[in-house]
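Please find the structures below.
Both complexes shown next keep subunit A, but they swap its partner, so subunit B is in the first and subunit C is in the second.
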Partner chain A sequence: MKLQSLTADQTDTLQEIVNIAMGQAGDSLARVLDCFVNLSVPRIKLIEVAQISTHMAKLVKSDMPITAVRQSFYDDLSGEAITLFSTDGYHDLSELMGYQNDLDPNTEKEVLFDVSNILVGACLNGIAEQLNANLSFSAPSLIAENTTASALLTPESLPWDYALQVEVNFSLEKRNFMSHLIIMMAEDAVDSLKRSLDAFLEAV
Partner chain B sequence: MATPILVVDDSVMSRKLVIKALPPEWDVEITQAGNGQEALDSYRSGKAHVMFLDLTMPVMDGYEVLETLKREGLNAFVIVISADVQPKAQERVKELGAIAFLKKPVKTEEVKQVLREYGILT
Partner chain C sequence: MSSPEASLAPFLGTVVDRINIGIFIINTRMEIVLWNHFMEVNSGKTADEVVGRNIFECFPELPRNVVENKIKGVFILKNFAFSSWEQRPYLFKFRHNRPVTGGVEHMYQDYTFIPIKNEDGEVEHACVTLVDVTDTAIYQKMLKEALESLAEASHRDGLTGIYNRHHLEESFAREFSRARRYGGTMSLVMLDIDLFKSINDTFGHLAGDEVLRSTSKQLGALLRQTDILGRYGGEEFALLLPETNLNGAQILAERILQQVAETTVPYNDITIQVTISAGIAQYHEGMLRHEDLIKAADDALYQAKENGRNCICCAQAPDEVTVKGAGGGSSS
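Then we have the complex of A and B:
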């Protein structure tokens, strides 16, 4: 069964809701790093999971080595949140978080998990709050180190045929660090998302 | 006489939310713009005594609009309405001449307070 795409009004509403949520996420990150965070306009599209590598490859420059952290979310909305980090900007991050020397792999992982928790938590909670939805998260896990975006996810790694992909970018001023937050909304969750968006629209 | 106001945001939804939050007793003539370039065009044709300006937009963002207005001699009250709520973003827009920074989603009371503070609404 092919998933019904979002209407123009639903997309616009979701975009604005994500925009507000990512603003909160950027603010949380800025406070932790004491640094100005540049935010992008969120991008939303319905994708076929079979084409996942192509979609991921379009998000970042193909040759850029990335490291990725994944967190699942469930309850009223469900799906996967994936935070991509550029490997070369990672040193900036640990420095800004107050670490001075090269980190051992465990501490390195902790730093990435902390940032992922901040972004995913603030962004998804922000979305859920505006839509009056409940949400829970799994703990973050490292899914790839120093790989390319196209190799990150295979169609087998997501148990759906379709997903709603929401992408936001965070970068730091005068630093190399950049991060993409990709939220893949499960196809079963899209219908309830649409209902929530319609309710939000009606209230305007 | 109705006050010409300009609501600038790339999201139609967001513009609706801003317009809905305007004080009902305020007599206004509303123009809308979907990006910074459109905003400047409308401003130059006299449609923005008060401008409600978003920051993150395609084509030309809110910071660029403020910089241009500042360079050309600002002749409008600009109220920034943004989802980017970092303290530094707030500082920056004030430096660039905005009279206020309001967080999305914006509330009527906050708009009223700013308008009163600047004598735009009595």
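Then we have the complex of A and C:
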């Protein structure tokens, strides 16, 4: 199935909604983590499955080892969100999340999952709220530890040809922490997103 | 006409209460608002006892930091939160439901924290579900154990249970590069059962197998924790001795030869007497690859066989070979 790409109106609307959602997300994150959160302007892009490896490598801009967590969202909007953490930067997070005492590998993973869940939820809930869409989430799980971004997703194992991707970078002020949040919707889910965007455009 | 929701209400109450999943609701003051039957049975506290009370007062053993953090995400971000058994086996330490079959210490739990929005879109309540995933945890543990024993089996010789050739080569390469890098001492002993072919020819191959098993067992009993013993080929064994010089290796080899010569192997109605020969080489800097060490020990073993068997031959340096007898065996 070939994806009907978004119209210019739909793209503009989505960009605006995502910008607002990320701004709110940054604000709520700052309240939860009690520190200042920097985030990039979200980038929206349609990607072809064959380019996924090079695309991911470009996002991260290095071949540093990363750890990746994924989480599904479903209901009116559906897809998966992937959070990439640089492997050496996430130790700093534990303290922030209130786990100062025990830092065994399991606790470290729990911190990653918690942070990933917060990032994903904050961004997606902001989008869903504006579109008046319902959203539920599954529990986060690990895709890979200590791998490179280019090795994370390989075209052979992916069940789609095209996907819509929203990408944003987070960093915390005064902390050695940075992560990439990638929200991906495969082709069949994009249709329902387009309907939501059209409904939103009609309402304004 | 009443709405479908209204007509379902009596059912929903029962479902929430009797479903085989823990469900409870807490408000922003951390007070328990709803406590279903699953929670009553497993916690030993009824809804009457806990509803309206602060959850941490009712259950001081809860990991407060963790739970508060998850709930903060629900109230502030209006977001879901999760806790998975793989990272955190439980929040409430409940008994497992395997009083008979056992195998675990407690119930393994997955939690989902769900924001409940009011009419204004504000979140004043969090619904928490607790799923018992003890079975999953047990299967995971079994799978892990199976994979570990599979990995172990792939390093073992099927007949004798000692390490196989593959594992020996890996260990040699590892220990060799360690000795080269850090300048350590190590010795290799190659051992070969004397006249094994005639044992097979005289008593049959099953008897030969029994001799191999018995010899492996005797060798294993004489070793230290760090020594690596394996079956190198048919009736040939290799023994890698880290942090051991030629002299130490020779003392051990002498004990091995003596032990093997003095032990008879019972097989059906007969007993079989065997002897073993040994070639020893110590690592020196002239050796560039681990195969050089094997070759030196192998050459020494060949020399020991030439010298009449049941004896030890040491390769001391590339150009100097000395021979020493052991037990009742001959020497040059």
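Assume the second predicted complex is superposed on the first by the 195 of 204 C-alpha atoms of A that agree within 3 Å, B and C clash if a C-alpha of one lies under 4 Å from a C-alpha of the other, contacts with A are read in each partner's own complex, and residues count from 1 in each chain.
The rule is simple: contacts are C-beta pairs under 8 Å (C-beta built on N, C-alpha and C of every residue); 3 or more make two chains touch, one makes a residue touch a chain.
Only a predicted model underlies this, so the values are computations on that prediction, with no experimental measurement involved.
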| item | value |
| --- | --- |
| When subunit B and subunit C are modelled together on subunit A, clash or fit | fit |
| Angular separation of subunit B and subunit C about subunit A, which is computed from CA centres of the superposed model and rounded to the nearest 10 ° | 150 |
| Partner chain in contact with A:D188 - subunit B first, subunit C second, else both or neither | neither |
| First, second, both or neither for A:V32, with subunit B first and subunit C second | second |
| Subunit B versus subunit C as contact partner of A:G121, first or second or both or neither | second |
| Touching partner for A:M97 - first (subunit B), second (subunit C), both, neither | second |
| Subunit B versus subunit C as contact partner of A:T107, first or second or both or neither | second |
| Partner chain in contact with A:P140 - subunit B first, subunit C second, else both or neither | second |
| Subunit B versus subunit C as contact partner of A:D161, first or second or both or neither | neither |
| Touching partner for A:M22 - first (subunit B), second (subunit C), both, neither | first |
| Superposition-derived minimum Cα distance between subunit C and subunit B (Å) | 12 |
| Contact residues of subunit A, present in both the subunit B and the subunit C interface | none |
| Subunit B to subunit A touching residues, read off their complex | 10-14, 16-17, 20, 56-58, 82-89, 104-105 |
| Residue ranges of subunit A touching subunit C (in the complex, touch as defined) | 28-29, 31-32, 97-99, 106-107, 109-110, 113-114, 117-118, 121-122, 125, 129, 136-137, 139-141 |
| Parts of subunit C lying in touch with subunit A, wherever the complex brings them together | 65-66, 68-70, 72-73, 76-84, 86-88, 110, 112, 121 |
| Of all residues in subunit A, those that touch subunit B in their complex | 9, 12-13, 15-16, 19-24, 26-27, 30, 36-37, 39-41, 201, 204 |
